[in-house]
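What follows is one structure encoded as structure tokens, with my remarks underneath.
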Amino acid sequence: MNTLSILNLLAGLILAPLLPGIINRTKAVFAGRHGQPVLQTYFDIFKLLRKGAVYSRTTSWVFRLSPVIGLAAVIAAMTLLPALSAPAPVSFAGDLILFAYCFGLLRFFLVAAALDTGSAFEGMGASREVQFSALAEPALLLGLAALARATGSLSLTGIFSASAGPSAGPALALVSAALFIVFLAENARIPVDDPNTHLELTMIHEVMVLDYSGPDFAIILYTSSLKMWALGALLVNVLFSFLPLHGPAAVACVAGSMILLSVLVGIVESIMARLSLLKVPQLLAGAVAISVLALTLVLRFTS
Amino acid sequence: MSLLLLPLIIFFAGALLQMVFGRRVAVVRVAGPAITVAGALAGLIPVIRAFGGKSVTASLPWSMPFGSFSVEMDGLSALFALPILVICALAAVYGSEYLKSFEGKKNLAGFWFFFNVLAGSMLLVVTARNAILFLLAWEVMSLSSFFLVIFESEQEHARRAGWTYLVATHIGTAFLLVLFCMLGAQAGTLDFSGFSAAGMAPKFLSAAFLLAVIGFGTKAGFMPMHVWLPEAHPAAPSHVSAVMSGVMIKTGIYGLLRVLTHLGTPPAWWGWVLVAIGAASGILGIVFALSQHDIKRLLAYSSVENVGIITAGIGIGMLGMSYGNDAMMLLGFAGALLHVLNHSIFKSLLFLGAGSVLHAAATREIDRLGGLMKRTPFTGAAFLAGSVAICGLPPLNGFLGEFMIYLGSFKALTGSAAACPAAGVVVIAALALIGGLAAVCFTKAFGMIFLGEPRSDAAAHAHECGPAMRIPMLVLAALCVAVGLAGPFIPKLLIPAVQVLAGRQMTDGNFFAPTERLLTNISLFATGVLALSALLLVLRTRLLRNKPVSESVTWDCGYAAPTARMQYTASSYADPVVRLFKLFLQTRRKFVSPKGLFPEKSSFSSATPDFYRERMYRPAFNATEKFLTRFQWLQHGRLNLYILCIMVTLIVILVWKLR
Amino acid sequence: MIILLDTLLVTLILTGFLLLGSSRLGASIRISALQGIMTGLLPLALEHGDLFSYVSLLGVAVIGLKGYVFPRLLFSALRESDTSREVQPFVGYMASLFFGILFLMGSFWLDTRLNLPVHSSSDLLVPVAFSLMSCGLFLIVARRTAMSQVIGYLVLENGIYCFGLAVVSGMPLLLELGVLMDIFVAVFVMGIAIYHINREFDHIDADRLSALKG
């Protein structure tokens, strides 16, 4: 653990709520609108933190505990993330599995909280969330396995500080593609979920948190942006792992690329329609197939 | 010498004495569980000695031909004996209250007799060192658990479940009989110490391996030999289900491992067989589990899934052994063994929780429950801990075992000594999919039973159980957390067993050091997650202080009169995933759609029968029955003719032998 | 050059996956056209930039045929038949993708087992060829419409072409031309047949063609 890794973690914790703002601004520009301020998520979070809360009578302590555990899980996952060659605060062999499972913990409690409200809509959202993430998980882990094979390291820090060599280029591109699909699905973006939809029936992530208010909702919003940052940073790390950057430059590169990534997401959201819910599993199965293909390629190249 | 015999004596003699002398209800209520607890405490002593590296042996004179009453508690036995003793004791405490409603209606003295015999025979199975003794204990274990399954024999489903169980377990035992006869004939003795792979033909060894996989796999619940499991486990009283699902099926894993230690270095394809069985059992087990409506059936199928994970771990370990990759072998075996321990903890916890739900609301149908968290808060919290643990999520214990198996598979994939990457890929993909599906299954089980509004009157008027049922659940839930945080101490439990499996002493400290560091890291990380959660919880509470906090209804989209029946049901929750796997599940849906302008009645029901039972066993058994009815003329009921048949057979054999 | 070649080959596999997962006939035709162009580019990437050899000429011919002529024919057949634009699978898309993954792993396994005398700079070429062939066969078996079956044949032919590239040094010109001719005739006949069947019976379901027998 050194200052650089702390700097990297802090950059994530502080800048993460910027991402939804940038996505929304990009979409606004595409639609010819002025759009909300880029810092809107910060404003929302601070406003909510100052408010009281309203709880449903149906809910139990699980509903009140869930946001806290979710936030702890996602912060824990972020401590495992390096920025290119700058090491992560925590790193050991196999931490990539832990990284994936931290999101599992977040999801479990988010879903439990949604079911705790007893609302049909939130149950529906929860059902879709677990279905899609059950398919996204193999794609994520197989993609990580491909990276581990290409670099011969079992920790995220080791993977991104080692160079995979040019022959792994197509495989890395495939892993990036799979991770991008996982990124979109896990963060409830188009084409999997539309964060701006107005009908509870069609939402996935948004409907699960309908009943939260006040500080709890602030925690949920912050958790969502952190999750976007964590999975996005993973993707950025894969994309730019060939750059020989060191020290603060690496941290700056990752942070800067995160902004580019959110612009990209904004563009995708502006030019694509959302997939029908029945088609989403196909998309995710496609991501699994791409991961397997990447894995097959690296198995050939490094054997 | 009496150190190891003492618990066996307590279990068997205690059971017998209590059956003979203590048939009064008030005596049975105390004596039955007391015997189990006493036996378990006595049994812990040799277990602890074995973990210390000193195996405990004992032998008695026994006049059985080829048999010898020799028992031994070594590292591998101790690892399986530990959960047997702990879970049996906790289940017995739980049962002392759970069975109160049956007092006066049922023969409880008989129940406790079979329960204690089951506990004793399981201990004997994992310590026996002679094939005859082993098979005898195995049979006693099967029969005593059969009588526990048909405890509620006035109900038809319990009788049918017991019948299925009896048939399945004996088919399995038949394979074991052949296996031990083969090994014994080759070695010239039926003592385990005499079995040795040296000098045996590879084909012979492979045949023995396959026999062991089928015979022990039937008990362990390998797919497709699992069909008895979802029938028998739900039929038994809940604390018996906890024992059966938590520890009894593990004796199958134990038997497989014990036989493997006598078969030498395995060829790679053995490992592949186990990896394939493990992946298939794991994925299909959890898929079947999430399509169930009955909480105990769901838990039984999830046992098939967890046995699959364990088997995949053993497969990875064996592949590591045959390719000479020590890290892979160590992680595979140790992960599998750790998962054996963990599964016995959380699966028993969940079954006890299910029993408490059944006790509270008198139904096992998930779709009739709901909102129990407010009515039975204690059970709810315990069930939550079990659910998080069984999904393999950090910071609880379930993650540790799965993590080690994952890492073993990654070792198969990376590094200079990479061996058999394809197996690694299969296991990683399977574990990831299982992890995702387990989250679906257990958010469904926990969420639909304990959260939301009650879906029936029975659930609305549920009541919490008493202290004797709470304490075992509390202990198990605490163990879920404790094992998750006890990473540095776990290798001490696993190392003796792994040494037995590897067939060599690994005194080299460097060999286990990486694993120890690894588990320490995970536990530190888990502690961090818990501490961070606690910190954030305090922050959140401070933020809400002096702020208006009010209660209202759940957001109802403007619809003014929502009822509890409008909640999402467990069936609809799982339906999208069930449809993804329709190839295997073949769920039958009956839907009467509402008709007309003022629709009156409509209904929906779905059921998922076991694919293998319907498509494989039923046709096979029907065909067998059809074939055998041709010989029914032999069954004429005249005793003298039967005796004639026996005599003729004997004479024919005699003549043939003396020819 | 190896990166270019590998990228082409990986794209070929991806187009195979896309075909297995796509539900619209129009999209399938476009993807198969893309796949045809990719296979046409393969010899160019293999032959170290000798752009004016007859190999490259053949590549251009393949691109023209598979990338332009066949898709045009198929699209016109699709327009004229005026039936459902769905591929109507016997095996669902998810399951098809799963089979695709299995085929891919099987192809790599087969490649290590066969030990072919390969004259190629990339060891990916043969597995890709096997994987395309099995994808094509699967599409023929598992899809209902005659149109998807034609696309399956095209994918199969692409696989054979890749295999030829890998195994025969130089160019299996004769073989390639023969196969191309077959496919060309197949597409032609199929186009006419679909048009006529459709005019007579209002549908192009291949499984309902069995109603024609005696």
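Order of writing sets the labels: A, B and C. Residues in every chain begin at 1.
Operating definition for what follows: a residue touches a chain if its C-beta (ideal position, glycine included) is under 8 Å from a C-beta of that chain, and two chains touch if they have at least 3 such contacts.
Only a predicted model underlies this, so the values are computations on that prediction, with no experimental measurement involved.
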- Geometric centre: closest chain by C-alpha means: B
- Query: Would you say B-C or A-B is joined by more C-beta pairs in contact?
  - Reply: A-B
- Message: With centres defined as the mean C-alpha position, give me the subunit A-subunit B separation in Å.
- Response: 35
- Message: As a quick test, compute the distance in whole Å between the mean CA positions of subunit B and subunit C.
- Response: 49
- Shared interface positions of subunit C, touching two or more other chains: 94, 105
- Item | Numbers and ranges of subunit B residues touching at least 2 other chains | 580
- Within subunit A, the set of residues that touch 2 or more other chains is 281, 288, 292, 299
- Query: Residues of subunit B touching subunit C in their complex?
  - Reply: 422, 580, 583
- Taking the complex as given, what residues does subunit C use to touch subunit A? 2-3, 6-7, 10, 13-14, 17-18, 21, 93-94, 97-98, 100-101, 104-105, 108, 123-124
- Item | Touching residues (chain side subunit A, partner subunit B) in the complex | 49, 51-62, 65, 67-69, 71-73, 75-76, 79, 90, 92-95, 97-98, 100-102, 104-105, 107-108, 111-112, 115-124, 126-128, 130-131, 133-138, 140-142, 145, 148-149, 152-154, 200, 210-211, 214-216, 219, 281, 288, 292, 295, 299, 303
- Item | Parts of subunit A lying in touch with subunit C, wherever the complex brings them together | 166-167, 169-170, 174, 281-282, 285-286, 288-290, 292-293, 296-297, 299-300
- Spell out the part of subunit C that touches subunit B in their complex, as residue ranges. 94-95, 105, 109
